[in-house]
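Naming follows writing order (A, B, C and D), and every chain is counted from residue 1.
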Amino acid sequence: MLNVGLLGAGRIAGVHATAISAHRESTLAAVSDVNIESAERLAQEYGTTARSTEEILADTSIDAVLIATSTDTHSDLIEAATEAGKAVLCEKPVDLDLGRARRCQQAIAGRNQPVMIGFNRRFDTHFATLKSALANGDIGKAELLSITSFDPAPPTVEYARGSGGLYRDMMIHDFDITNFILEELPVTVSAVGSSLVDPAIGALGDVDTAVVTMTYASGQIAVIKNSRRAVYGYDQRIELLGSDGLLQATNVLENTVVTSNKSGVTAAKPVHFFLERYMQAYSAEWAAFVEALKTGASPPSTLEDGINALMMAEAATHSAKTGVPVNLDTMTA
Amino acid sequence: MLNVGLLGAGRIAGVHATAISAHRESTLAAVSDVNIESAERLAQEYGTTARSTEEILADTSIDAVLIATSTDTHSDLIEAATEAGKAVLCEKPVDLDLGRARRCQQAIAGRNQPVMIGFNRRFDTHFATLKSALANGDIGKAELLSITSFDPAPPTVEYARGSGGLYRDMMIHDFDITNFILEELPVTVSAVGSSLVDPAIGALGDVDTAVVTMTYASGQIAVIKNSRRAVYGYDQRIELLGSDGLLQATNVLENTVVTSNKSGVTAAKPVHFFLERYMQAYSAEWAAFVEALKTGASPPSTLEDGINALMMAEAATHSAKTGVPVNLDTMTA
Amino acid sequence: MLNVGLLGAGRIAGVHATAISAHRESTLAAVSDVNIESAERLAQEYGTTARSTEEILADTSIDAVLIATSTDTHSDLIEAATEAGKAVLCEKPVDLDLGRARRCQQAIAGRNQPVMIGFNRRFDTHFATLKSALANGDIGKAELLSITSFDPAPPTVEYARGSGGLYRDMMIHDFDITNFILEELPVTVSAVGSSLVDPAIGALGDVDTAVVTMTYASGQIAVIKNSRRAVYGYDQRIELLGSDGLLQATNVLENTVVTSNKSGVTAAKPVHFFLERYMQAYSAEWAAFVEALKTGASPPSTLEDGINALMMAEAATHSAKTGVPVNLDTMTA
Amino acid sequence: MLNVGLLGAGRIAGVHATAISAHRESTLAAVSDVNIESAERLAQEYGTTARSTEEILADTSIDAVLIATSTDTHSDLIEAATEAGKAVLCEKPVDLDLGRARRCQQAIAGRNQPVMIGFNRRFDTHFATLKSALANGDIGKAELLSITSFDPAPPTVEYARGSGGLYRDMMIHDFDITNFILEELPVTVSAVGSSLVDPAIGALGDVDTAVVTMTYASGQIAVIKNSRRAVYGYDQRIELLGSDGLLQATNVLENTVVTSNKSGVTAAKPVHFFLERYMQAYSAEWAAFVEALKTGASPPSTLEDGINALMMAEAATHSAKTGVPVNLDTMTA
């Protein structure tokens, strides 16, 4: 049985608490949060106790921590937790600052603690099936990847202000899925973005509608499209053209009911947002972490994966500003 | 070049006029109708002349006639046209009266003139593809056939009054498609029907919603569902379960545009009615008739096919009245 | 907290054990089975104890029992459990014998204990959405209901022998869903069936492919199609034509991945069988039972519902044998 | 009746010959080609005569010419035909050389002859429906346009050599459709391309897989994806995100038959290539030209439209070479 400390007690922490509790080989041993009341509320709901982060890290009966705190604390907590001998599953992104993330990577290099970054979409059954089909040769060699990733509604301006911008906050998932599927890092990253949805977000210098194109040494091309607003729901699709065919992962709909009337033939909307869409993925992510700890295998999405995605987000942010493509290796400086 | 006389100048005659004119190996040589003005209007539209039926049948330069007159004249005209040495393509049904249709069959038996009944749906590319897939072994042996066939709106009461009732007028197409696909006549025919759409049609003793179930010596089962009203358009679907899979011919939609908004994900409606849905089939039907005349092959939907469908319609009408299944061979008396 | 005794420890009992354990307001307090080892194995898996049925019924700390034993024990156990003051959720069917089921109904009439029959499909989110859409007026008045319900593969001959036949064992779900959606009992039930899949099942006098048509006082018509074999997976669809449109609940597919290649455009198969397809429904069923106990409301699928479905299965069995429609009220004798 | 001279007798000329002949208000009066035999063959097939281009232009009974010759002759023939007082429908592209196309525009400026460029896709019923839905406000304001346009198989190296490259030859259709839908010219054009399909085409300096991103003064963004090879058929899709929803024009499939078996649920492939996919569009294009001549309205796709698309193709070609986005107004120099 894996004893788990949950750092953070916000919305996404609740998702993880459910997955930890439901798993037969893990127990939610403690919860911490800067807001004590939040920690206590979550602890009570899951029949566990609220403690301070320090206590959790100091408790040798706790095997692993799940970091679901605000992004600016991720690097510090990864360092502290590995120092304390805990295995770590940390929510994405590693950090908003690429340099800080790299220093974190160096700091923990010798500690030999498993550190996994929570790129939940890798564990989505539909996307994983698409990747398996590619590996299985169903469409030959990958040539052109397209990701459509639209949120149902824009975040608050407050959220946007601290988010690091669309490329680091939202598209980072798509950068990681691109790496997950193509298993190759891009050479160039080229971004265009617009503020069309909420002028207040635009006023921050951020965008809400963006397209990023990436080129690869192998000749592959990838395109990511993001929008902060798709009024019909959470639009999460992947499409991959290969030498022998096309793979598409289409949207998960709320139900299978189709209504035909004078207006046409209407199916349900895509499920509303990430909690509904990716609940299965969060559970599978947690199961994969537990499995990696049991077998001693490397976790399926590493700190390096987190840094790669962050590097691409940085490149995209830079490209959008300068109006020209950015070579990814200039991000390594 | 095949010189064709068109008997009848109503709506369906116009459909055939288009097919005859567009075919490179046939010419619309003359049109007749009990309503002279209609004949003249159609003749003018297609650049040909209006004549009497007698003149057309007497004209030895005319090779074939297409009979698109009212149903009660079909048997007489088939007999007269074959007597006059013409090949015949006659609209369905052969007759509303099974006995009359059989006498027609006997009358023309020795004349050796090709007579084809216009079961246009056999020539629909989608249904024909389904039949090919069955023949190709794609789903193994046929087990359970379901036909959904709904009109967009009920006919006028006047039309219904002279139609012979839903089973003879509307479901006759589905009986023929059943025979076309299964290539076996049923043993029993069982019908239930309701008057739900237009009470005035019900007042005639007719139904507007009906289900017919048929059993076969081979163990196959077939179900046909009809309704005179599907407000979303002409619903024409076939579904066939076999030992190795399922074949479905789904609806042809007006266009491929899909709109996603707060109400859901909406595709276009099925094309409105039979003219839009089966225009391709009417052309292919005509081409098959021309081809049969050229090669001397038997036409692909014969007078016997017409009589079989009529026999099933009679059986269904009888079953609906008596409330018990009818053995098809009792219809041969 | 609701303390629950689970009677039966077979496959379906395991499904219920999961639902009972996962629900926040219920606890799996004990498991019994005629096979002690099975009971102990299940008890251990869910962290509870194996006891005899008698002990469970005698234990006043146990509030409710879930009956998942063999069908021939259902009536006895419903009677004993209500006598012992327990609320009951009993797997379908109530009994294979209509008379016995009715005696059970009479026996428990005055006891005032909640008894729910486990028609899990009523709690399927897709079917429930279809029913809501009908209630919401989305398609006007219901006219023609079609249910397609195919299993992926036939059961063993041993299972078939004790099953009561396709109509009582398999189609009983569809009879109940018909009642659930139309909220009206049929007047006539007409069945045809064939043995096409497994001759050994046919040798028992049972069928594996069947169509039942039902008529209603209101003029509605319903058709149910069953097959014991759909090689592509569990085919569970409902289609309802109404005066203002059509509702369809289509299949749940294994995933959303679509592959386009030289063979065509291929989506995933329907999920394989009832455990995958209806796991959500089993949980929702349990939640509805718990909710009914809390609020004192009548359970959403009653013993009377179970008897109605059984009555229709009896009528269908009789109709298939005699070859003529059966009036449902002759089943009440 | 419009008398039409057809200049060119190749494959696409045959498509136009069919449309011209089938239209009730136009007649195919003559055909010319540098290859006399080709001209004679086509003329015979359509019951008209083969003549020289000079004769056709000099014949005052000929009202209009359809230019379907090789691209390098388009500008000369547009000039000569308008000089001769003919209305012109010219196949796309206007020219491979932007400067030459502009000189052509200037040359014919004062002649007041209708000149239409054959962007057939504007007349495709599906794309036109999408545009109407946008105009109708179905998705609010357009924000992000995506065009997927894949050929089933690469052209021959000989064809590719004279084609002007993928951007001018293939993507030019997508540039025009972009303009047709968004009704705004882009500010920047950014292209990346790879040679993945046929190395011999790559050896010419051409690409076979490409993505172009365009930005607009209004903030809209457009993406075009092209590949010379989609083994599953001609993939022609448009997707437009707006402030109130999403519009998608999906592929036209060969038929509506769906096969479910152990491998999955398989629909037909997209129709194979442009002749099958756009035959309706070619007819509608011709009808629109005839209608414009009758009413005196400006043709729905003008020489200016042709030059705009060519300008974007030039910009994309330049961007792909230099690796940086190109401002469209630098193409006007």
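Definition applied: a residue touches a chain if its C-beta (ideal position, glycine included) is under 8 Å from a C-beta of that chain, and two chains touch if they have at least 3 such contacts.
The shown structure was predicted, so the numbers you read here are calculated from the model rather than taken from an experiment.
Looking across C-D, B-C or B-D, the pair that copies the A-D interface, with over half of its contact pairs the same by residue number, is B-C.
When the C-beta contacts at A-C and at B-C are tallied, the pair with the greater total is B-C.
The distance from the centre of subunit A to the centre of subunit B, each centre being the mean of the chain's C-alpha atoms, comes to 58 Å. Annotation: 41 Å between the Cα-based centres of subunit B and subunit C. Multi-chain contact residues of subunit C (touching two or more other chains) are listed as 230-232, 235, 244-246, 259-262, 268.
Subunit D meets subunit A in the complex at residues 141, 143-144, 146, 148, 150, 188, 190, 192-197, 209-211, 213, 215, 219-221, 223, 225, 227, 229-232, 235, 241, 243-246, 323-325.
Interface residues of subunit B, counted against subunit D in their complex, comprise 22, 125-126, 129-130, 133, 138-139, 244-252, 255-262, 268. Residue ranges on subunit C touching subunit D, taken from their complex, read 230-233, 235, 253, 259-270.
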